[in-house]
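Labels A, B and C are assigned to the chains in the order they are written; within every chain, residues are numbered from 1.
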């Protein structure tokens, strides 16, 4: 699906009218599901994600020594489901889908290092995520929603894990005229993800340190620095927004 | 089945203490790969990679099928992985572990999505016939660094593989067997190679190509796939300890060095193999035909 | 005493003159692992290895290098604690095998109140007390006759190196085993070792460099199957390297 990005060079506005360093509208709520121990609903532009957290509780598969995770630590289960109507065309994604499994693995390893797992030996914390609408930055939306739901569930964590995407588009500055110079973009939608090399990164508490970094498209090594810089800046802003959501709920 | 024995406290502390004193268990420098060996099978498209004690075999095979309806001009290319119980009693056939899923995802992203293979060149007649290429990866011995070794094996096997020649006349395609016509190498656009970095000591220590014991002790890892032209094909850091952005950028430059070395090594082994095949091989057979 | 080694393969019949001849004709012939008696007189082998005989005890057995360790009574082993159940620690000797039990009170001067607290994945040097095919093997860290530890107990620090079963047996059999690399190294280095029949060698040299040097030297002797000369070469090289 080739996308006409030529207008970007002229007006410096992206397809949806944003500038290069603008996030889409982030709207989030917590404590949305009564049945879960913690839950959240998050919109990043047209990407909509709902997340529930159950636990820490005794795991379902309580075989010999299988209820907890590592020795003396809790086990973190992550399940991600794509709603049939979430994409442009109705496509069912089975349980065995490796891309979904990879996303779930990312979330579980990222949050395992953040949650104080040693406080809950022999127990399981499960995160269920449902993607209601897909419009880019899905992994980032899942991470942000999971953070909110974990905060809502009262699971002790060292800090927030916040994520966003960053891309690198061909340069607009006419002076340089070489391929090495590129313009970074923040928070991509689905159309931009199809077209541009992008990465998803997550930082702890909106700091400088990167916990998750996933990139799936080929890009010159020189461009990565710019993408990382913009991504980290974006994560800081996402952190402030999520912080506001949690504080707003507390009032 | 009883679970794998986890590494003991003594070993864990010893390895970490060693790393703090700049010593690795096998005496390697921090940024060195284990000894890499690459051998090719008698058939085209079989590569056997040994990275220290880790051993993987990749085999590429091709058959003719109809292309996917939505991709009429492209051939089909699949990578399938199998962890055999030969490598470790922890692996069971038909029940993929998380590690296996991640390995096949990373290979998929590194080689297939990055467009290493020109799938359009596998098309014979648009919409009707194409080559379906399949790379089977078998893990025979597991001592860490599976992703790096697997990627080298698949890339080497693809470069070594020869597909049968075809002639197209209108709607008819003739596939020539190896005896009739010299088979053709695949058109490979770039050669992605994976390098795994492991982090210790809250991200302060970074190791290249950790072995199994070091993998069990690590706090986080990042897999960087690059080609020798300095393009990053894939980065995967699924969590673990947080790392400074600058340290990650530093990783990419270390990875580039390693990728250049490994690509050169694969190239050298391919040339050696070609030389070996040339003597009394297919070329001699062809020349005998010409004399008649 | 082991005589010159005879290599046997499974199914070989042992010639009567290869069996030990006891001075006392009433003493029955004892057959150890790997030998099978087919009445009336035939003795055949079931595994490949070297035939060993002891004329004093009137015994014959096969020395062999197997892949996996199977516990047998009075073997010295290095066990890894996996968890603690009510009265005992459960430990593993080799990966992917069922656990063995180590009672909480099987330590020197241990009482219900003063038993040693072992963390998960700690290492202990122990002796196999019972190993039958119907129950989980039991190991202990005391000599049952004296109640003393006799060098057994938790291993602190150091590092374990995997070695082959045959190497572990040779190391434990002292001079007969023909391994002198440790003696050679000990002339210049100070270190502690513990050898487990389950194919583990624990070394503590006080610092990383010494420990690694000793462990790798033994592993090299093991994998390269070095003789006396080769071993002294390894010793020389290691000592020069430090």
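Points to keep in mind about this one:
Here is the rule we go by: a residue touches a chain if its C-beta (ideal position, glycine included) is under 8 Å from a C-beta of that chain, and two chains touch if they have at least 3 such contacts.
As the structure is a computational prediction, the values presented were derived from the model and not from experiment.
Core chain by CA centroid proximity to the global CA centroid: B. Counting C-beta pairs in contact across A-B and across B-C gives the higher total for A-B.
A centroid comparison over C-alpha atoms places C as the chain most distant from subunit B. Averaged Cα coordinates give subunit A a centre that lies 53 Å from the centre of subunit C. With centres set at the average Cα position, the gap from subunit A to subunit B is 29 Å.
Annotation: 40 Å between the Cα-based centres of subunit B and subunit C. In subunit A, the residues that reach two or more other chains under the touch definition are 65, 71.
Touching two or more other chains at once are residues 3, 6 of subunit B. In subunit C, the residues that reach two or more other chains under the touch definition are 120-121.
Of all residues in subunit A, only 65, 71, 98-99, 101-102, 105-106, 108-113, 199, 203-204, 207-222, 224-225, 228-229, 232 touch subunit B in the complex they form.
Only residues 80, 82, 92, 94-99, 119-123, 155-160, 202, 208-209, 211-212, 216 of subunit C touch subunit B when the two sit together in their complex. Interface of subunit B with subunit A (complex): residues 3, 6, 98, 101-102, 104-105, 108-109, 113-115, 203, 219-220, 222, 226, 230-245, 248-249, 252-253, 256.
The residues of subunit B lying in touch with subunit C in their complex are 1-14, 17-18, 21, 23, 25, 27, 89-90.
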